[in-house]
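All chains are identified by letter, namely A, B, C and D, in their written order; residue positions are counted from 1 within each chain.
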Amino acid sequence: MIEPGLIYHMLFISATLFFIGVYGFFTRRNLVTMLMSVELILNSVNLNFIAFNKYLWYDKLDGLFFTIFIIAIAAAEAAVAIAIIINLYRSHQSIDVEKAEEMKF
Amino acid sequence: MPNATYITLIILLPLAGFLMLGIFGRKYFKNTSGMIGTTLLFVSTLLALYTAYGYFFEYGKVDGIYQKLVPLKYTWLQFSPGVSIDMGIIIDPISVMMLVVVSFISLMVHIYSLGYMKGDERFPTYYAFLGLFTFSMLGLVISSNIFQIYIFWELVGVSSFLLIGYYYDKPSAVAACKKAFIVTRFADVGFLIGILILSFYSGTLDFNTLIATLTSPESNEYKNAVAVSFLGVSALTWGLVLVFIGGAGKSAMFPLHIWLPDAMEGPTPVSALIHAATMVVAGVFLVARLFPVFAISAPDALSLVGYVGAISALIAAVIACTQTDIKRVLAYSTMSQIGYMMFALGVSKYGGEEGLGYTASMFHLFTHAMFKALLFLGAGAVIHYIHSNEMKDMGGLRKYLPVTHITFLIACLAIAGVPPFAGFFSKEEILLAAFQHNPIIYWIALITSGLTAFYMFRLYFSIFWNKEADQHDAHKSEGGFAMMMPLVLLAIGAAAAGFIPFGHFVSSDGTRLETELHLQFSIAPVALGLAGILIAMWMYKKESTKPDTVAASLSGIYNAAYHKFYIDDIYLFITKKALFNLIGRPAAWIDKNIVDGLVNATGNSTRDISETIKGFQSGKVQQYAIYFLVGIIGLALLFIYFWK
Amino acid sequence: MNLTLLILLPLFTAIAILLMRNATQVKWVALAGATAQFILAFVLLFLFRQERAGGNTAQMLFELQYNWFPSWNISFHLGVDGISVAMILLTAFVVIAGVLVSWNVTKMTKEFYFLLILLSLGAYGFFISLDLFILFFFLEIAVIPKYLLIGIWGSGKKEYSANKLALMLMGGSALVLVGLLGIYFSGTERSFDLMKLAQLNIPIETQMICFPLLFVGFGVFTALFPFHTWVPDGHSSAPTAGSMFLAGISMKLGGYGCLRVATYIMPDGAKEYANIIIVLSVIAILYGAFATMMQKDLKYINAYSSVSHCGFVLLGIGMLTKTSMTGAVMQMVSHGLMTALFFAVIGMIYERTHTRQVSEMSGLLKRMPFIISILFIVGLCSLGLPGLSGFVAEMTVFMGSWEHPDTFRRVATILACLSIVVTAVYILRAITSTAMGPLKAGYETLTDATWNEKLAALILVAGIIAIGVAPFWLNDLVSPGAEIIMQKISPVTTGIK
Amino acid sequence: MSGSTIIFYLLAAITLVSAVLAVTTRMIFRAAIYLLFSLIGIAGIYFWLNYEFIAAVQIVVYVGGIVVLIIFSIFLTQQAGEQLPKQKMGRQLFSALAAFCGLALVMLQLAQHEFTGTGNKAVEPTVANIGYQMLGVDDNGYALPFEVVSILLLAALIGCIVIALKSKPEKA
């Protein structure tokens, strides 16, 4: 019923997804697209939790709960992030991160 | 036993005067300060005379030997067991003699100044400083501890500094007081190191113990002190030579004499007191105080004293012949006479007949104080009248200043060694001592004595004869009673002091020393003296061109002497050029540029590094994220593969 | 006597100052506080002498110990011996004089006095701590106000000086801290307690490392060559009271630390490094003196001369004899009083002439006899005139140094002796050209000292003369303490038997 | 290769490919859409693993909520049709390299690691089980985190409002 070997597949997917998100986070200059990359990263983490829950610790539901909470927090985070982005857009007329660099030195 | 209270009072009364006048004088004793100072000193002098009487005639002698009594000793600063600075009083022939001389001359000067300094703006300050000086000088002579003597030594130096710089708005006076202080200070370092050496080897600072341990060849201290040597000279000799350097500085011995002529910038009574009669003989006194150690344990040091004294005597006499400022002539004469005292000590031995030089030296100190103070005070009277120090402004004053004239003449005769004035007796003893022990010094002394007569009478004739007095205001008087009385008293002293049988009271080992005149021996010096006087008379009695002719014919030596043998210039070169430029300036430069530069460089490099590093804080989120990831990967690699 | 009073009194004074409404109130509160400190210091002296006369021979008197941070063995441990009492007296003298001469400060008066009092709090705490941790704590309290005093109320290139001073002193403190921790972790017993550590026999390897750290760290405070460059800049930029506190108190923190902490705890280290200390201090003495000769600004002259004079403190410590240690402490007290007075006088002159350049002044004696008399006294004290404190201290150091028969120390002592000539040169140059000579045009209307200036000067002069005329009381106070420090250093061969 | 496995690979491929496209395309609106597909792919994987509840939540919150939010914000801040500015080549290469290194490292570690599951009896991730445990206050209950998250959500809500508020013009 459960193929333990599949956990490797799941983890490979998760890791790949994570680094795709990282790559996006590094290369995108638009804040909204950076936010998307962050969502990808969060999802890769969720996938990890679920995979472990499914294949290694199926006697508990902890991984699942973490996923639920992460999704909740991600929702909150996205909302706040977007509020910040909009505010930034108002003040800078742009959401290019390269231009928002007041916090240097 | 002597009464310590009286002796303490002798010293403390002038100090009280100093404190009272120094602190409250300007406000409350504007006009009465002179009288206050003089009265206090008068009491001091009476007490000193009383003490002298008591010591010499009542209790001082035990079994025919004058004892060194210590009626008071108080531990002032304890360094280690046995080594302490004590404030004490030592009563022995020389200290009692000095007590009398110092207080008496000081009293004369106090009285004289009542007239001389009248109306001066800083009258109370003047008397305060005189009080300070008298206090320190009296303290110096009764010191029972070598460090105590150093303490008062310095205090004497500072009061001399203050009094030379009394006319502080004259730049020359300011320069002179600085010079005097610094030159003597330089010598004092020698003294200090000498004290350190002596105290180290003797294990004490107390004079009596120190002399006792360092003169007994059996004691361990003595053996140690002689065994250790540096550059082939024993530690003990080094110590004494260094102490002598201190004395030489204070007593203006060659080559540390350069401050003395300049010190004449001070008020004339001060010159009489400090730079003629009392302070400048402190060096002689110091050598006399340590005389047993010099004579018994370090004859080499003692002969150095002798030669330095002789050279100083000669050089000063030569220079004195060429100077035109009357106070400077007197200053060089002082130096020359102190040279006499020094070499008299130098040729002396310890004990009995052999100790004639010691007695002679002290005797000369005593008589010299009288006639040199008189000369200065007389010169003061002249300057007071003429308002100039230069010989060329003077001449024919004998009619206007009769008292001064007579007293000055007496003093000149005394210093020239004409019998029966005081100088004759003391000088004869010195020459005799030199003749017995060291022919070289004897010949130098003889020449010097002729020169002395010459330059003193050059001075005398230039002031009182020479050209006829011109338009001096007739209404000006010679000076009041206050100025005349000290002149007369001192003249009596200068004339009669020679008849005191000095050897009965003061001798190297405290025993009675009979001194008699050897008439056949006296012929040479007296004849030379008279010759000097006659030459001076021939050259200077009438206004003429003879002096210039003579000077021209001796131009080389005359010029050298006129420029004080260029010693001042050498000093100036060493201090201004060498010391300031070669040490001071580089030190300041190094501090500013190298040491401080290093500090600043540390600061600057820190700033530069941070300038570089702060580029990382670009404010760009993505860069931060990349650093973050690279860091994580790096750490992961580190922990996984390298740091298992 | 409860020693916490010495900490609480300045603390309450400082708080009271903060509560005051206007500058006048602030000044009077500060003066009252300083006077109370002054009285307290004398009460301490009196009680201390009484205890000693009563036969109490304990090393530290009035000891007091509270647990402060038990898990790290930090305790609030206070106590005084003669050396501390001497330093406390010095602090009290300088504080009251400093408060008095700052009477005319108008800029942020409240903060100014607050910082002054805070600094005194740090100093008192430092001198009475017997626990290295709180000792360090108070050391830091004493450093920080200086930065502000110079940075805000200073003159000239004050920011530069304030930064330099604070950084160098902080660097010194950092070394001290490292050294303290080294000691703390070295022994078998984790302790910061000074008295305990002194009994512990710290291993020689640790001493070899920690002694230089502590000595140099404290040495920075007391102008150890070549870490002295904050001295001229700091002093010359500081306001008058700031310079007084800096030279009179702060530099003494270092000397006291070198003695009480470094040398006392690590006698073997001290012996190993004695020669280096001697060399550095002789360099400081001579080099400071020669550098002073070339200075033109009165404050720089005094600052460089402080380098030279503090060299004597370090020389006395480095010579490691009881007499020289006593001399070092005396020199600290003497130099503290003297240099505070010197800065006070310079401040008074500057307030009137608005210049500190020696060449721009002349003949001031005519217009301000009081101030110039004080200048003479302090100058003469500086060049070591007997009857004033400088002489006593320097001579004690010389005598102590001379107790070693070896040539190296002899030469060092002789070189140090030579500095008294150089000192005479620069001091006379400074005071004669300011005070004497013809009065400079434009100075005809200058006025003499006011009551507060007179009072401040007289208090310090009284201290100087008290030591100079009667040094035995200070000697009696200090030398037992020095003896205890010396006990652990195996008796150096002394020539004087 | 069973059908189930094929479906799994298919879902994985959808997820990864759309993720790559989402981070590389220069049309911002398309990026959002690719993200949508990627998220749906993940939801599919959850379904495939029999975690229906999570899959549902994934679709409701991510697909229905967050992506829509993102699309709104795109509309609010950007011309939807515009192309995104191009990143510097060096940065792209370096990022790719860093990401690849990280991935390689993780993969290497994963491949070398031996996972062992517990032998206990499985708990079915039914909605009832989840519900009981979520609000349970016993040892395994998640009531407290639940409350915390709810407060966090509230805070986020307020925060959003505050941040996005237009600042009032300052009174003179």
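Definition applied: a residue touches a chain if its C-beta (ideal position, glycine included) is under 8 Å from a C-beta of that chain, and two chains touch if they have at least 3 such contacts.
Predicted model only: the values in this text are computed from it and were never measured.
Enquirer: What are the chains that subunit A and subunit B both touch?
Expert: Output, common partners of subunit A and subunit B: D.
Enquirer: Taking each chain's centre as the mean of its CA atoms, which one is farthest from the centre of subunit C?
Expert: Result for max centroid distance from subunit C is chain D.
Enquirer: If you average all the Cα positions, which chain's own average lands nearest?
Expert: C
Enquirer: Between what two chains do the most C-beta pairs come into contact?
Expert: Chain pair with the maximum contact count: A-D.
Enquirer: Express in whole angstrom the distance between the two chain centres, defined as the mean CA positions of subunit A and subunit D.
Expert: Centres of subunit A and subunit D (C-alpha means) sit 5 Å apart.
Enquirer: If you average the CA atoms of subunit A and of subunit C, how far apart do the two points sit, in angstrom?
Expert: Their C-alpha centroids are separated by 63 Å.
Enquirer: With chain centres taken as the means of their Cα atoms, state the distance from subunit C to subunit D in Å.
Expert: Here the centre of subunit D sits 68 Å away from the centre of subunit C.
Enquirer: So, what's the distance in Å between the C-alpha centres of subunit C and subunit B?
Expert: From the centre of subunit B to the centre of subunit C is 36 Å.
Enquirer: By residue number and range, which residues of subunit B touch two or more other chains?
Expert: In subunit B, residues 622, 626, 629 touch at least two other chains, as defined above.
Enquirer: What are the residue numbers in subunit D that touch two or more other chains?
Expert: Residues 91, 94-95, 98-99, 102.
Enquirer: Per the touch rule above, enumerate the chain pairs that touch, sorted by label.
Expert: All chain pairs meeting the touch criterion are A-B, A-D, B-C, B-D.
Enquirer: Sort out for me which residues of subunit B touch subunit A in the complex.
Expert: On the subunit B side, the touching residues are 614, 617-622, 625-626, 629.
Enquirer: Report the residues of subunit D in contact with subunit A in the complex, numbered from low to high.
Expert: The contact residues of subunit D facing subunit A are 8, 12, 15-16, 19-20, 22-24, 28, 31-32, 35, 38-39, 42, 45-46, 49, 51, 53-54, 57-58, 61-62, 65-66, 69-70, 72-74, 76-78, 84-85, 87, 91-92, 94-96, 98-100, 102-103, 106-107, 110-111, 115-118, 120-123, 125, 129-130, 133-134, 140, 142, 145, 149, 152-153, 155-157, 159-161, 163-164, 166.
Enquirer: Spell out the residues on subunit C that touch subunit B in their complex, using ranges where they run on.
Expert: 163-164, 167-168, 225-226, 228-230, 232-233, 287, 290-291, 293-295, 304, 322-323, 363, 365-366, 369, 380, 383-387, 391-392, 395-396, 398-400, 402-403, 405, 413-414, 417-418, 420-421, 424-425, 428-429, 432-433, 435-439, 470-472, 475, 479, 494-497
Enquirer: Under the stated contact criterion, what part of subunit D meets subunit B in this complex?
Expert: Per the stated touch rule, the residues are 91, 94-95, 98-99, 101-102, 105, 109.
Enquirer: Along subunit A, where are the residues that touch subunit B in the complex?
Expert: Spelled out, the residues of subunit A in touch with subunit B are 22, 25-27, 29, 34, 97-98, 100-105.
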